[in-house]
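Before anything else, here is the set of structures, which you'll find just below.
Each of the next two complexes has subunit A plus one more chain, namely subunit B in the first and subunit C in the second.
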Partner chain A sequence: MTTLPGPVLDALRAAVGAEHVRTAAGDLAAYARDATPLFHRRPDAVVFPGSAAEVAAVLRIATEHRVPVVPRGAGSNLAAATVPTQGGIVLVMTRMNRILEISPDELLARVEPGVTNAALADAAAAQGLLFAPDPGSRTVATVGGNVATCAGGLRGLKYGVTRNYVLGLEAVLPTGEIIRTGGRLWKDVAGYDLTRLLTGSEGTLAVITEVTVALLPAPAESRTGVAYFPSLADAGRAVARVLRGGLVPATLEFLDRRCIAAVEEYAGLGLRLDAGALLLFGDDGPPETVADSLARIGEACAAEGALEVTCAREVAESEALLAARRCALPALSRLGSLTILEDATVPRPRIAEMVDRIDRIAEKHGVTIATFGHAGDGNLHPTCVVPSAEDTEAVRAAERAFADVFAAALDLGGTITGEHGVGAAKLAYLPARLGEDQMALLRRIKAAFDPAGILNPGKLGS
Partner chain B sequence: MTTLPGPVLDALRAAVGAEHVRTAAGDLAAYARDATPLFHRRPDAVVFPGSAAEVAAVLRIATEHRVPVVPRGAGSNLAAATVPTQGGIVLVMTRMNRILEISPDELLARVEPGVTNAALADAAAAQGLLFAPDPGSRTVATVGGNVATCAGGLRGLKYGVTRNYVLGLEAVLPTGEIIRTGGRLWKDVAGYDLTRLLTGSEGTLAVITEVTVALLPAPAESRTGVAYFPSLADAGRAVARVLRGGLVPATLEFLDRRCIAAVEEYAGLGLRLDAGALLLFGDDGPPETVADSLARIGEACAAEGALEVTCAREVAESEALLAARRCALPALSRLGSLTILEDATVPRPRIAEMVDRIDRIAEKHGVTIATFGHAGDGNLHPTCVVPSAEDTEAVRAAERAFADVFAAALDLGGTITGEHGVGAAKLAYLPARLGEDQMALLRRIKAAFDPAGILNPGKLGS
Partner chain C sequence: MSGTTAARGSAGPGQIFEPDLLSRCISCGFCLPACPTYALTGDEASSPRGRITLMRALQSGDLDPDDPTLREQSSFCLGCRACEPVCPAGVQYGRLLEQWRVHQWRGRRRPLLARALTLVAGQRWLLRLLGLVRGAARTRSPAGGLPGSTRYLMLGCYERGLFPRVSRAARRLVPGLSVPTDQGCCGALHAHNGDLATGEALARELGRRLPGVVVTTSGGCAAHLAGVLGRDRVRELSEELAVAVPRDPAGLGEVRVGGRRARVTLQDSCHLRNGLGVWREPRAILERIADYVELPSAATCCGAAGTYAMLRPRDSRRILDPKLDEIEAAGVDYVVAVNPGCLRQLRTGLRRRRSPVRAVHLAELVEMAARAASADR
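So, the complex of A and B:
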């Protein structure tokens, strides 16, 4: 099934061990896709390196023979960034999954890239520490993938995104050199900020082989509340009132009317179906602060016309409320055989306007789009449900609708992707966001790292 | 005095207006230095652009004629990053000093690069907002300079450094293209992270012409305390105990014995001269939280053998305590005609060990080095006082001592610069920090932005 020449395969086997080079049809099929619908292409080989030195050996072989290499963690990417769209080698980093060190004195952890976000978060929690990035895929997504995509999550407003927590990286250049960027320090300005340049570079500049991340003391308590509003515009005003009041809470998530209905149908949580929007809010910290915080958010919601406000009194109740948000995607997925999840992002005050536009765009193209997302940072997840993936016309209509959605986000001062990335799925929309001059600069930066263009070709920087 | 050809000067005058191109001897002398001792070189012209379009015009002229261009804000740089070491044009950004927008609803400000850190902080404070970066030079330093150096400051541990607050930039490439990176969004992963790559690039990749920064709600209260310890090792253990206790306070600054003596001699604040170290601590937030925080830090200090702990009861008292730290540099400057301020940085638990090493290095080379700095993030400012700048042998001894200091910092897992930057002053030490492979990569990145090598040549990326 593979089209790689025998000598290349032999060299790969010598580099990582024969048992870590897979070319059987079943293996190739398994790594033809990530979590993005509609994108798939079989690789020619799947390679599982065990060390930075092995990664370097693989990359030198690939550069010499001009073979594409697509680095991959759990494959939970939603922009087809880990689909081998030009074939070649999928380089799966999951064997390198050790937590090398957790230092409570230095408030940091050093890990191999294949450790999952949840495993690191659990290990940190066992020492009273918090690993803040929490993408929706956290139970399966790897830390290497978090870094490669600059993953966001549900607490971005208060805690920021992955980039705010990456202190240092070990990475292998496509030409085989192993570099170490940053380190264990909060302050370090020796050289260009390659740590942050690699963060979010989607496996197109280098392969990450070790990550040092900052941890925080775990907050003593987390609590959640929920408010229902007649419309998203009301919920948006409540969010603005909270922030103007000097509070930056950990969680401010919303579901639109369609999402509320889908979640209730799916999970039977007892949500109100007469509301136009649900706002899930939460904060963490010392108990007094959290209590004060939730009370103030509740008051802001009431002042902006909330139909109902409920604050969880205990942890189990908070978890139940969060479940409404966490199951938005599975709930919507049940409505059709194809679910396209997007993440257009707009300035926070324009969320309601953007959701209005999305609704009109959906109507225009005759598709169903439900929207949920992060009200605190304007990061929306409009989700299109297509009844059948085989219905080519319906799929095309969804694609046309999303082209309009991205244009609307840009028109409102936003962006085409807040946290999922560009990958293969959104590369065509990138020039509208960055302009041709910046696109050309991206290509020159890519060439500075990867002169042969072997690393994740056809993605960011192409 | 200028060696620029007439047609180049004519083109510059046409680009920005004749009154904004200076070539008189006095003007050239005024821009031959920044705040770094021992480095100076006259430029051939000093140019004051008024807009991004004018910057683009100047850079196109410079690229065409291969004339070096050194972008400069207030010139408070401490690593000779804004000294025109190869002559050419000093591009002074101080005319572009407007605050374009402060948005309480979006928690951001948009400014021209020449606005000072203090002016932005004051304008934000007037709306109940905090601009967190606070380098020691904040009253004169420009926001453009803060971004170009990724400036740190006294509250880096809790609040992070400048990079954590830069949301978007407008910048002009050396070849004249105007690009916009990032924007108004907390989450935006469309493209390589050029916002962070330009942050800390020390004017070697592009000229920043507009900055969008994140603001925070201003904390309700700030309070400060001071503890004296027999030795820096005791103070270091107190810092570790604070952080292990789950607290990340806003301020944790220390002065060694020599600094305490110099500050007391200079300012007569009533400091204890029998102590081996002074730890200045502080926190901000809601009043109850701050009170609790200071009490816990005080307890940690007492538990680690503090000679004395005092917490300010009111704002004026807090300011008086902070003065001890803020006047460390002027106090030391009085001790000789030449003061070399450095900023080697080590992992936090190794501060006491590093200061011990610095003391032994000073002894070995027969120089006086006093050390103060940021205990929370391991960012030390060993400061060498040379009695006379004309004493060439003493200056050489200081330089040899600092070479040993940087080697010691690297040996302890640290870096050659935490917040001042590389500039011309520390470029020779950079290969020891980054390795030759990464140095080569930096040069390739530099070339991707600046093919003619006109922007701040002989600095980072050279």
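So, the complex of A and C:
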């Protein structure tokens, strides 16, 4: 049950309307977790604001009474960034889900944070435009959440990630001021780049209430193909060869044998189960460019010992392949009820090396690790599959294995997280990546934004 | 799938849910965009993932068994199972909901209306009487078991009273079906309303009385029966027609309205589509006999959801209204249902609006096309 004092609850109800403040035990239980396993804590209240002004009112109350506030979109986060690890208020942004504007003339869109990535992409596509960031959770995840975690996706190699598309933000500071950073301009260097600072800040600095994103003209054609390899490292070498050859295709995704089997069991696409790895490649652009690109990728795969290379014949087939790839993580739960997913990222040429290291780490700790990921940009998702969350020894072994995975990634010049964020799950590894001086700077930035320390406490600069 | 109930597990002693079903969900949230009640509220607690979080809290004792959110969310859920086909982990949400309602609607906590409806449907003699009065099985061919027949038409419980024309049309379309009048309810109504044990017992009893392939005009009944008797024992009408029609391609003409080919759309039956994966078949038939229009919301629940439209009329209409807007805007002559609950919901909703669009069952529309063909011959 809630532990917030009556006057705080009264103030919250006055700010957003009583029906948008929940404190019943069952309502709180539903917001105790996001998509991250092993992290849960019930909040003391769940609040659904309907406007920036309401967000500001909630934050002023929270600052005054020193109540933690954790902003949340759809709760598809994979690093426990939206778990209220210190209780307090979960601020759910799903009511603010309007697409305010799509401007083909300026190639931009203005949306409220609760709109889903797919809804924005569909609305843009209806006007012949492309919203490029496409995280695997695109149908679920909100644009606000995408910005807060700087989400990546399957097109990262060619198109970059969320930060490359955020032109401006409206955000509410923990002390209640509403600020607008950036805007509709493609060139604007007035002041520190707060838009970029807030992008990926995981709800620790401000609450995003409006997002202006850049759009692109939609490519004339998108096509994909599939190559099978004896092992994931072979697929990694093929990727390196593709990139060396001067191509930057839209998609280079790979799955290992376990992932192929899990995805095939769900999607039934007729994938080959006897191969050690699958490389899903794709490109978009004018038809002749795409055809040339796919042919060259096919040649590179063959040169690295691909068992088979095929191109999707129809758009629907391509869509099905991409959709199946996006399902890799949940499909893996068919192997065990606990799937701990990581997000280590290494420089592109070292991907095969990283794959080998992951194999050795799994063997050393006696754990099952299935790996898939965005091979083109060096972003791997090694996923530890544990039969049951109650098997504490197996869970500890998985955690030890991941400590080694992070160390290996850093050793190869990589990072502990490429696109999922640090959250509560990877905070312990952050100093190893940033060093003490940067950690101290993070804390000073945090204090400048949030003197009372109420926004998503215990994450990033705390 | 095995043909017996042994294939379906059960919760252990003192447990509400089968632990294996509950642990399958990894909370990825891929179900959220498929859920009609999440679309209404944007509230995690009214999403499939959030409801599973609640079920886990109930099973573990973290929430009081009579927690009001548990009561509300177990009842607010339509039970449409739209979350199942989109779940890469293969969570059997419909099964979990059945088990949840057994707990939530135990004893006197069960809504009075649900108690009354299941009580009536559980009386075989009453249904038989209803069928006789409404003439659900009345045709020229003998009503009892045809000698040597292994295919049986299920008359449904409330369907035979509300829409007797549907079974009569089905009999004319699929010759050679046996139609014993002394057949009871399949028990789907009970299973979805907190009485899983009776629901499964009734299905087994019906399986004994119709000891071959059971042909049904109700998608919801088809899914429930398939779960208890095994998939191979059940054919929904559109599946049956998908086999029967190509054998006699000249047997179907086209449905015409005002001198032109009719424009029709389909409302999927949630359990038929999400539970049994049957959705191409009715479309294929409709495309033959009319100009078929696929509407964006065809696959989402119409808000009938068994007893839901009666137990939660306001929420049911919030689900239905945007769909009716879409149907009316599409300029169709007919909206076709493959489940009696959907038929009632659409018909009532369209009448309330004094809409010119008519809601019909697939059997009725296909029969119109068959009549047109025989008139041409």
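FYI, the second predicted complex is superposed on the first by the 454 of 462 C-alpha atoms of A that agree within 3 Å, B and C clash if a C-alpha of one lies under 4 Å from a C-alpha of the other, contacts with A are read in each partner's own complex, and residues count from 1 in each chain.
Just so we're on the same page, contacts are C-beta pairs under 8 Å (C-beta built on N, C-alpha and C of every residue); 3 or more make two chains touch, one makes a residue touch a chain.
This structure is a prediction, so every number in the text was calculated from the model and none was measured.
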{"item": "First, second, both or neither for A:Lys459, with subunit B first and subunit C second", "value": "neither"}
{"item": "Chain touching more of subunit A, residue-wise (subunit B, subunit C)", "value": "B"}
{"item": "Contacts of A:Tyr266 with subunit B and subunit C, given as first, second, both or neither", "value": "second"}
{"item": "First (subunit B), second (subunit C), both or neither touched by A:Leu442", "value": "first"}
{"item": "First, second, both or neither for A:Arg257, with subunit B first and subunit C second", "value": "neither"}
{"item": "Contacts of A:Arg41 with subunit B and subunit C, given as first, second, both or neither", "value": "neither"}
{"item": "Touched partner set for A:Arg325, first subunit B, second subunit C, both or neither", "value": "neither"}
{"item": "Which of subunit B and subunit C A:Glu288 touches, first, second, both or neither", "value": "first"}
{"item": "Touching both subunit C and subunit B, counted on subunit A across the two superposed complexes", "value": "none"}
{"item": "Residues of subunit C touching subunit A in the complex", "value": "23-30, 32-33, 42-45, 49-50, 53-54, 57, 62-64, 67-70, 72-73, 87-90"}
{"item": "Of all residues in subunit A, those that touch subunit C in their complex", "value": "24-27, 29-35, 37, 48, 74-76, 92, 94-95, 97, 114, 116, 118, 137, 139-140, 263, 265-267, 327, 329-331, 333-334, 337-339, 388-389"}
{"item": "Subunit A partner contacts - residues on subunit B that touch it in the complex", "value": "104-107, 128, 149-150, 152, 156-157, 160-161, 163-164, 173, 177-181, 183-194, 196-197, 199-201, 205, 216-218, 220, 240, 243-244, 246-248, 286, 288-289, 292, 345-349, 374, 377-379, 413-422, 426, 430, 433-435, 437-438, 441-442, 444-445, 447-449, 460-461"}
